[in-house]
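Consider the two complexes below, in which chain A is the common component and chain B and chain C are the respective partners.
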Partner chain A sequence: MRASQDRSNNDLCRHWGLNHMEKRAHFSSKTVPYLLLLPQLAITLIFFYWPASQAIWQSFLMEDAFGLSSEFVGFDNYRHLFAQPEYYKAMSTTVVFSLAVGTLSLACALLLATQADKKLRGGEAFKTLLIWPYAVAPAIAGVLWIFMFHPSLGTLSQPIRALGLDWNPLLNGNHAMTLLVLSATWKQISYNFLFFLAGLQSIPRSVIEAAAIDGAKPIRRFWTIVFPLLSPTTFFLIVVNVVYVFFETFGIIDAVTGGGPAGQTTTLVYKVYADGRVGGDLGGSAAQSVILMVIVIALTAFQFKFVERKVQY
Partner chain B sequence: MVENRRYRNILAYLVLAVGVLIVAFPVYLAILASTFDAATIINGNMPLVPGDQAGENYYRTLFIGASRSTREPVSMMMLNSFIMAMGIAIGKILISILSAYAVVYYKFPLRRTAFWIIFITLMLPVEVRIYPTYKIVADLGLLDTYTGLILPLIASATGTLLFRQFFMTIPDELLEASKIDGAGAFRFFKDTLLPLSVTTMAALFVIQFIYGWNQYLWPLLITTKDNMQTIVIGIKKMLTTQDALTEWQIAMTTAVLAMVPPVFVVIFMQRFFVKGLVETEK
Partner chain C sequence: MAGVSLDTVRKIYAGNVEAVKGVSLGIEDGSFCVLVGPSGCGKSTLLRMIAGLETISGGEVKIGDRVVNEIEPADRDIAMVFQNYALYPHMSVYDNMAYGLKNRKTPKDEIEKRVKEAARILAIESFLERKPRALSGGQRQRVAMGRAIVRKPQVFLFDEPLSNLDAKLRVQMRVEIKRLQRALGVTSIYVTHDQVEAMTLSDKLVVMSGGQIEQVGSPSEVYRRPETRFVATFIGSPPMNILPGKVEGNGRVSIGGQSLSVSDMRDGLAVGSDIEVGLRPEDVRAGATGQLSMNVDFVEELGATQLFHGKLGGADFIVQAPTGQIAADAKQLSLSIDPANVHLFDPQTTKRLGKA
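Moving on to the complex of A and B:
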């Protein structure tokens, strides 16, 4: 137990380069370092540790109907949560959403990055033209896409209708999900593209040239040499994309569907928001927050443990 | 390499061009919509070349606002967004450069503890502790204030780690030399460390400015007054009125205006943007 803890600490340390913690020369003072740390520590304690522990505490409380008093109910909120079909629905929605956005945006980004990696004239301009959607707010991205695919006035809705599909993302859950996946992917491609391109550019040309001289064709070269060498980037991006879909797509969902129609696009984070705000169920909402915390911590730990070491050149 | 290069390059251009088109099309439509009147958009056959209502739309959006929903001129919302984004960017640079300086250049008891307290914050985005944070901000009387918008969002370790990483690459000789010159901790920080950190600060600034400008859930919860709305919240409210009443030309003009500052920052500070993105890894 002790040993494995040390090991994971070491992993964390290596990840952030913490093993070189020491400078040769230092200043010494009894008060100055604390004063320097004070602003950040104060903000962190007040706006991070306090609310995070409140969330955990609240998840064990049940408020009465008027929010005037609350009593300790143990794991009741959790039990109640796992008895709700809506919670499982939100889970599966989140998984489907993550898989779809992750796969689609990674695939598109990889395709674009491999093309941009060829020494093309004007390559830099293409790079600029592809990365700016990173700067568009998720909620704005959602607005752009609902405008484009709006059932009555969307420019692209009529061609879809002409194909015989009764397109209506405001009423049809599958259409709504499709629209969310497209807008979330659109926004995420730029981030993935940038990291894939950096990953590709760090692969030594000599390795690929050697394979070319041995007669390996481009597609074969890609799958047997380039793709495996890219795996650290790919794994890093998978984790980042999952976190992105979990949390940052909140704005897209709220702008495009509001979790609807009939809760069919409610993800786990959206449910935390909806149950706490609209439903007034703070205990249940807090219990959901705690579960999300556990998921994020697990993902981060997974990233530290495997992504940095197991997958490498 | 050895294959037919010309054919492959044409293919690459083609793929990239299609990519750029797909990326740009939704934004092109928004820009188009900001040049038409409401009736042209509502009937579902918006032309694919710009109309002549741009002046009217931008004037109304910026200085009058959507009459049916938000009631605030968008220039006001942009000012709120700008204050929030600048506050987050500058606030974060300030607190994290100070704490990184303490952790790297001082030896003191509890140093590791302090570092880990800050480090752990990387793991939990604000979304998972949203209601307790809301309650604390409310108890402190910070609802509908810029302080309330800004402070909870700078409680994270990314900046501290970034500066720490950078400080570790600065040769020890620099500190030793300035100690021999008789410089104290403050002069070393001001004359040596700050000038060297400009690039890192710019990178962090770009990332945090975009992060702050694009915030959604947090301002949605803690701003209740119309005159504290940010632009990203404002546009959402323009869409929530009954569908038939949505003033799409104003909403899409607002969308265009909401994209201009952060996109401008990415394009014109691209070098810092890429550095910031890659080095903070989120």
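Moving on to the complex of A and C:
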């Protein structure tokens, strides 16, 4: 019975070109490995290399006003881009936005995680409750925040006005930015929270107890023991959050402010969309995408080269 | 330096688990006290209450003359060595040892002096710049000890510090801990479930079971005169044989009809009443003219000694004898026992029925 099963297993393997007898997976046919790789290769090609090369090619073309013909213009699109004050504005907006969201969401998540960690070590489990915000789609998260902060509709706008602040995110760029930062942060906290909590839970309890006996009060314990031990998690989250703020906040910006008022909340990614889709400047938009692509590649390289090596202990 | 005293200390965990049920104990200044007992008997809990890592549900813990119930671990002037060492993984060995001193704002040159001194005593000078992950288990153990001694605390607390080491290293570290404690003269409380460690290290041996103290005494007292059947079978390896017997009269009991005289026996026990008779495997002599006879089932070789397993009066029985003293193929042994080496216990209360 067993022997016959083994034999049929071997037949099956041979049928698929796998040689079962070797320790390593060994292919007797040359085409099978390529066949197996094909789906992954196809996805990468169709969804990354193809659009990326399209974007690069597009960035060297200029379309006429009706989009009927295009001509090769070399680096003209890039020159135009860097001549626009709006582009620098979008850059600084992006930097402010990422710093604000990154700092806020990491700090809040860490604070929540340390509190939850205390409780969980006590035995209570309510981890799942704290993950819920992450299950909300970005656009819905945005709309939720509009409901709260819309100048005339928002439930929280009246109390804010009562405090003497002329709250109007539709007209005031700073207010709009605050609203965006809040909603993007709120969305990201739960993700950061989970990683921080997992990081905290992996710190042995006895290490914290040893520090307590060694005379470190809770605040000092946090900064000298817990925080350094969390640093791998923190660096990972910084990179993830930067990528999040750069690219995935598109949905929230579109839902909450649409890049306004007067382009004051237009980040680099939103500008790609605004110029290309809405403004019809495909060449300029493509040039921006290419620059963004370079930024992400640089960030990732930085993460691998410096951060990963430095954080080890 | 200071002694430690416990007065009806209790611990009730959430869910009404009573882990420590009113323990009273005095530990003299400078002595080495070992808490020993089976897993779950509450010895770690008791130690952690002394350290201040668990709240005290009832009773009083004193270090020196000071009641410490409400005092933070940091302010109790104690140091603890954990089973998993609990070193700070991101700090060098030097910083691990200096951390407690830095927190107490000790001057830099004083820190350096003390760390160097501790490193010299423990022979870890060459690893001071390394991180804990680059050390072997035994070296980590030394660093954990070093972290405790640099602070010059009043009390050392150890929670099974050797149980993660291999057998050979365990014996070596055991000796070193004892030597270090003697040299420093710091009151030490040491938790273990290993009775050999307990016997060899302690000045004062505390045997615990089910959240209570079974017996306190010097290791030899506890070995020679166990107060309960639990202590009798827990201390000593192989464990003491316990046989059902009957009272024959003052100083005499019988086991399966075979009579035995006893020197430490309470007077006035009712003749014919049930009694438990404890005989240590190493106290039994096999000879031509014994009072008891035993059937041998099999023999275990331990090198210097042999263990003869068999049946006596219907119960399992072990005899330990130096190798070669008894023929290894013996089927029947005739055993004699010094009346001073017979222990009697009440079958109901399990308490010793010795002379008052």
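In this text, the second predicted complex is superposed on the first by the 277 of 313 C-alpha atoms of A that agree within 3 Å, B and C clash if a C-alpha of one lies under 4 Å from a C-alpha of the other, contacts with A are read in each partner's own complex, and residues count from 1 in each chain.
What we mean here is this: a residue touches a chain if its C-beta (ideal position, glycine included) is under 8 Å from a C-beta of that chain, and two chains touch if they have at least 3 such contacts.
Just so you know, these numbers come straight off a predicted model, no measurement behind them.
When the two structures are aligned on the shared chain, A:Ile160 is found in touch with neither chain B nor chain C. In the superposed three-chain model, the partner touching more residues of chain A is B, compared with the other of chain B and chain C. Residue contacts after overlaying the shared chain place A:Trp50 against chain B, while chain C stays out of touching range. Of the two partner chains placed by the overlay, only chain C lies in contact with A:Val207; chain B stays clear of it. When both complexes are overlaid on chain A, the residue A:Pro33 reaches chain B alone and has no touch with chain C. Under the contact criterion defined above, the residues of chain A that touch both chain B in one complex and chain C in the other are 209, 212-213, 217. Residues 14, 51-53, 72-74, 78-80, 82-84, 86-90, 99-100, 103-104, 131, 133, 147, 151 of chain C are the ones touching chain A in the complex. Chain A makes touch with chain C in their complex at residues 123, 204, 206-207, 209-217, 220, 224-225, 228-229, 231, 313. Of all residues in chain B, those touching chain A in their complex are 1-3, 8-9, 11-13, 15-16, 19-20, 22-27, 29-30, 33, 41-44, 46, 48, 94-96, 98-99, 101-108, 111-112, 114, 117-119, 121-125, 127-133, 135-137, 151-152, 154-156, 160-161, 165, 168, 172, 175-176, 179, 184-185, 188, 210, 213-217, 220-221, 232, 235-236, 239, 243, 248, 251-252, 255, 258-259, 262-263, 265-267, 270, 273-274, 277-278, 281-282. Considering their complex, residues 16-17, 20-21, 23-30, 32-34, 36-37, 39-41, 43-52, 54-55, 58, 108, 111-112, 115-116, 118, 120, 126, 128-141, 143-148, 152-155, 157-158, 170, 186, 189-191, 194-195, 198, 208-209, 212-213, 217-218, 236, 240, 243, 247, 250-251, 254-255, 269, 272-273, 276-277, 282, 285-286, 289, 292-293, 296-297, 300 of chain A touch chain B.
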